[in-house]
Amino acid sequence: MLTFASDYVEGAHENIINAFQDTIYEQNAGYGMDRHSLHAAQLIKEECRCPEAEVRFLTGGTQTNQLAIDCLTGMCDGVISAEPGHVATHEAGAIELTGHKVITLPAVDGKLTAESVDRYVTAFYADEVNSHMVRPAMVYISHPSERGTIYSLKELTALSDVCRRHSMPLYLDGARLGYGLMSYDTDVTLADIARLCDAFYIGGTKVGALCGEALVFTKGNMPQRITAYIKSHGALLAKGWVTGMQFEVLFTDGLYYRISRHAIDMARKIRDGFIAKGYSMWCESPTNQQFPILENRFMEKLAREVGFSVWEPFDADHTVCRFASSWATKEENVDKLMKLL
Amino acid sequence: MLTFASDYVEGAHENIINAFQDTIYEQNAGYGMDRHSLHAAQLIKEECRCPEAEVRFLTGGTQTNQLAIDCLTGMCDGVISAEPGHVATHEAGAIELTGHKVITLPAVDGKLTAESVDRYVTAFYADEVNSHMVRPAMVYISHPSERGTIYSLKELTALSDVCRRHSMPLYLDGARLGYGLMSYDTDVTLADIARLCDAFYIGGTKVGALCGEALVFTKGNMPQRITAYIKSHGALLAKGWVTGMQFEVLFTDGLYYRISRHAIDMARKIRDGFIAKGYSMWCESPTNQQFPILENRFMEKLAREVGFSVWEPFDADHTVCRFASSWATKEENVDKLMKLL
Amino acid sequence: MLTFASDYVEGAHENIINAFQDTIYEQNAGYGMDRHSLHAAQLIKEECRCPEAEVRFLTGGTQTNQLAIDCLTGMCDGVISAEPGHVATHEAGAIELTGHKVITLPAVDGKLTAESVDRYVTAFYADEVNSHMVRPAMVYISHPSERGTIYSLKELTALSDVCRRHSMPLYLDGARLGYGLMSYDTDVTLADIARLCDAFYIGGTKVGALCGEALVFTKGNMPQRITAYIKSHGALLAKGWVTGMQFEVLFTDGLYYRISRHAIDMARKIRDGFIAKGYSMWCESPTNQQFPILENRFMEKLAREVGFSVWEPFDADHTVCRFASSWATKEENVDKLMKLL
Amino acid sequence: MLTFASDYVEGAHENIINAFQDTIYEQNAGYGMDRHSLHAAQLIKEECRCPEAEVRFLTGGTQTNQLAIDCLTGMCDGVISAEPGHVATHEAGAIELTGHKVITLPAVDGKLTAESVDRYVTAFYADEVNSHMVRPAMVYISHPSERGTIYSLKELTALSDVCRRHSMPLYLDGARLGYGLMSYDTDVTLADIARLCDAFYIGGTKVGALCGEALVFTKGNMPQRITAYIKSHGALLAKGWVTGMQFEVLFTDGLYYRISRHAIDMARKIRDGFIAKGYSMWCESPTNQQFPILENRFMEKLAREVGFSVWEPFDADHTVCRFASSWATKEENVDKLMKLL
């Protein structure tokens, strides 16, 4: 059955598979020291306009968040996240497993605000007994957020400023970063992110790769023993090029951007289709996740013919649903969906 | 430069790449619940003659060891390993990071003996202050071992007996399991391993896959919340079929065995070649890793023309080196190596 | 300067000091296996009307909470607490350090409600992707709560019922348990707590001891390796009788209750005094902590003459303050405080 | 029954109990910020001739070791210890629980040698794949050692030099430090230890206190958030003066030294007695632990009349036993023991 349930339901872009095909008997150095990983890191640094950036390739988002947070915070430190943040909700306690509390603040449109962070951290340092409290030592944001929204350059700059004022690294979870960068509504570039954040990751799993996330440290702040840390977290691939080569392909000839833009175009078509048929959208998402509000009986009927995610109840008779496009979404399938509405 | 440095220097078997090619636009359920992963698990259960087995796919050996040990031991419990065991030496503290001590016992031919385990555990339980000591709660073995040796059925049975007598799970690290199973000198089958061990993993990364290890629980002992445990350890792939499908291919039409046997044949050719040229072997390895003892000046000269691993000093003038074959080793390259001797 | 800042500002009851005086040269077994600890455990079991209870003595509240939660939950499990719960706010991440998330629910009068717990846990088990979420595996309550309030027998029974229905242990933090048990407004006995909770601790540090908390497991659920767990958490005293003997004294001739009642009487005098002088109380606390709302300038003036805790802002001109009595509060000092109002 | 089983079998020195008696109603600041703790820290800094030292008081040796190692090492780092070191053998995995491997090296007379440390660490940094290995990041020694032996000034200086050359902190476990300092055979002073080590603790539990160890950081290397770290490890006493005041007493008028010397004198009397009766000693211990070798049948007979520790088998017919004196050992009891030989 056709599905729009998520952006990880298809395989990988053919350029990636072809690269694997072409290199079956190529012999490479292990553990990420291969030519493809080094080349991919170089390409990413150039895209980031950040020659001092340092890049490591990991296999999944939770793994990357867990490692980055564990690297950038100290003992019993906490990380601030918006309440719906992935680290706070859907990582099965990965952050706590490594000893760190996720401190949640209310979200506005799925996003953390600089004001709420500033208020919380200022209050922490003003508290006489803060040695009995978890220190807010880092800020986590997801861009696009779990609701498909994106930070404006102004919002990102404000967060970055607050973080620097309080000496906290700002970390951006870019599981769907391509879909944020290629949104028609964004004014944030990869170079802005590299400049304003202390670390972030460029998501591959949801943007054309079989698996893979590129973790970027931008301020000379990658730990010296990073390879040992990756290894001890069970996250080091013997064949490091499995992830490195995928990013090499994605950042060659703008493929990452091109396939991301395709997903955006498909998402707009989905959104416009729902609106044209009279449906309300739960929030204005300029990225690849769209959240129409469906009448419950229609939702159940539709679910027999096409896959999507049931997000949360809207009212007694309606439910928020999620339809996600991806780099692999075929326009003919969007048309099929439109016919079902 | 041609290399025999390890068994993870090449990509993946073409059948695997072809499978990825064929399924680019196939839509699958996430997180290991896809048809390929389920099918692969079924194939493995059949090969193990163990219908009650439960299988999960992970991406690397250290990750799999870390998760399995954390799942099968309790708070502040330890795991017994031979001194050269991978968990004791080359996992950068992954086991300790999850709170478990690796208790090392001297190895015989790279292997743990049932007698030494029995002696240690018996002494532990006889000690009045063992509540101040780390409990030996699990036994870890690697098969083939880090020195290329393999457990005989008798040795494995003895270890299994000791473990059951002391209520400790026996866990087998099969990073190179194919090369053990297809050794001409083994009397141990996959079904034996499934019967005698409580858990083990079938290595893919070093035996034809891009990445992937199949963790098998054989005694109804897979934790109920295993998916959450995998997720919290950062080890859950969104596209679970990336590993599952590779095992589906490897266990179709005996591919896993066939390519493993090829590596064994290449290793024998390497070994016979060294011996024919008058070199001594450090140990008798019936698997894909061979350890010739090279005169130091010759070693340095050879290293300019072919890759291999420097293992450890043998005496003032000689060094133990490791030459590994793999599923991808070309006979013509072995011939090239032979000519260089 | 005279202070009512907390209930741990004085030393220990003279009977305890006398016991230490009398036993200087007495030779005892180590690590809690001494006659005093065993006797104290027996006395507590009798007070609890729970012959199957098992008791261990620790040195502080955070240590006890950390150990109990780590013992009674599994890997990456979470513990539910009211938002102001001590484990959620003032333990510097001790719970997360051992890998567990504190899941907070809104409090009513500082207390957790059975309804909110039931709703949360039911929703968790109904969620299809709960393998990506932290499992609510235990419920933590403090009695008296951080606001001085106490659970009624009905409330405690409802929480216990919810916990049993969802197979979660109910754990009660009794840092100030004496002050809850001896409140004039309670209908909950120690035997009720032992019957309704799966584990709890009887606070000594704040109720007459130099240091010490008695952790009680009531359902045959104390881990077999508890001594090793205590040791590995750094919580095992070589001279176990240092805590055990204090509880032996406290539970001899009803001392624990008698000194707790004294604190309650002093707290009522404080409360009545504030009310008589026209002050409002922030909440109705029937225990040893009283929270008058003070006008800010008066608060600053008062602070120059007597110690108390500044709790939180009430409005622009007023602040909630805490005055705590204890087993050691002298009536003449309460009189002095009253004169200052 | 009279016992020499350990040095923690008696209570606390009467001066300590008297201090508790005198301060029952004294009101103190919590969490170690009280006048007694501050005064005790000052006294210790003076004894150490180390004005920049920073001191914190904890309740037990394992707790102190766990915290110090966790504070002074990084993620997945290891600590080097002699094989019989307490952290390697009798702390129930406390070090691993906080994520650190204990790397053991063979002991000479129970002690670590500078040469073996240098060799190990040099080899580690020379190893190309040390990113897959646990970094030796700290050195742990116990003084006196678990066998009663002590480091000479020359040995300690050599260890300190090696540690500085490799940028590793040197940490000294002084559970029985008084007995080392007051040995007639030592040339090491407290000031030497403060100068040569980066951190160490002065044991109270085994030297006159009810409980308590003074952790001293000597090089401006105490973490800024140490109170939060102590709290999160469950090691912060609300009534911090319970430990602080004990050290205040112990370091007033040389009490710590005086009572330590008494234990040494009693140990010499025990040792001389055994030797006079023709017994061999297992090792030459110049401190409070003496290890005579007893014939097995005599050992069993003796054990019916006096307590001691059975250490380890010597040969088929003899066993190494431990007799410990302490600050509280009465000479008349030593005489009684002598009569039983």
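Every chain is named by a letter (A, B, C and D) in the order it is written, and numbering of its residues begins at 1.
Methods note: a residue touches a chain if its C-beta (ideal position, glycine included) is under 8 Å from a C-beta of that chain, and two chains touch if they have at least 3 such contacts.
In this text, all values refer to a predicted model and were calculated from it rather than measured experimentally.
Set against the C-alpha centre of subunit D, every other chain centre is closer than that of A. Between the interfaces A-C and A-B, more contacting C-beta pairs are found at A-B. Work out the mean CA point of subunit A and of subunit D, and you get 50 Å between them. Put simply, the C-alpha centre of subunit A and that of subunit B have 33 angstrom between them. For the pair subunit A and subunit C, the distance between C-alpha centroids works out to 42 Å. Residue positions of subunit A touching 2 or more other chains, listed in rising order: 75-76, 91-94, 97, 131-133, 228-229, 231-232. On subunit D, the positions that touch subunit A within their shared complex are 31, 70-71, 74-76, 130-133, 135, 223, 225, 227-229, 231-232. Residue ranges on subunit C touching subunit D, taken from their complex, read 2-3, 6, 8-14, 17, 20-21, 23-30, 59-64, 66-67, 91-94, 97, 205-206, 210-211, 228-229, 231-239, 242, 307, 328, 330. If you check the complex, the residues on subunit C that touch subunit A are 75-78, 89-94, 96-102, 129, 131-134.
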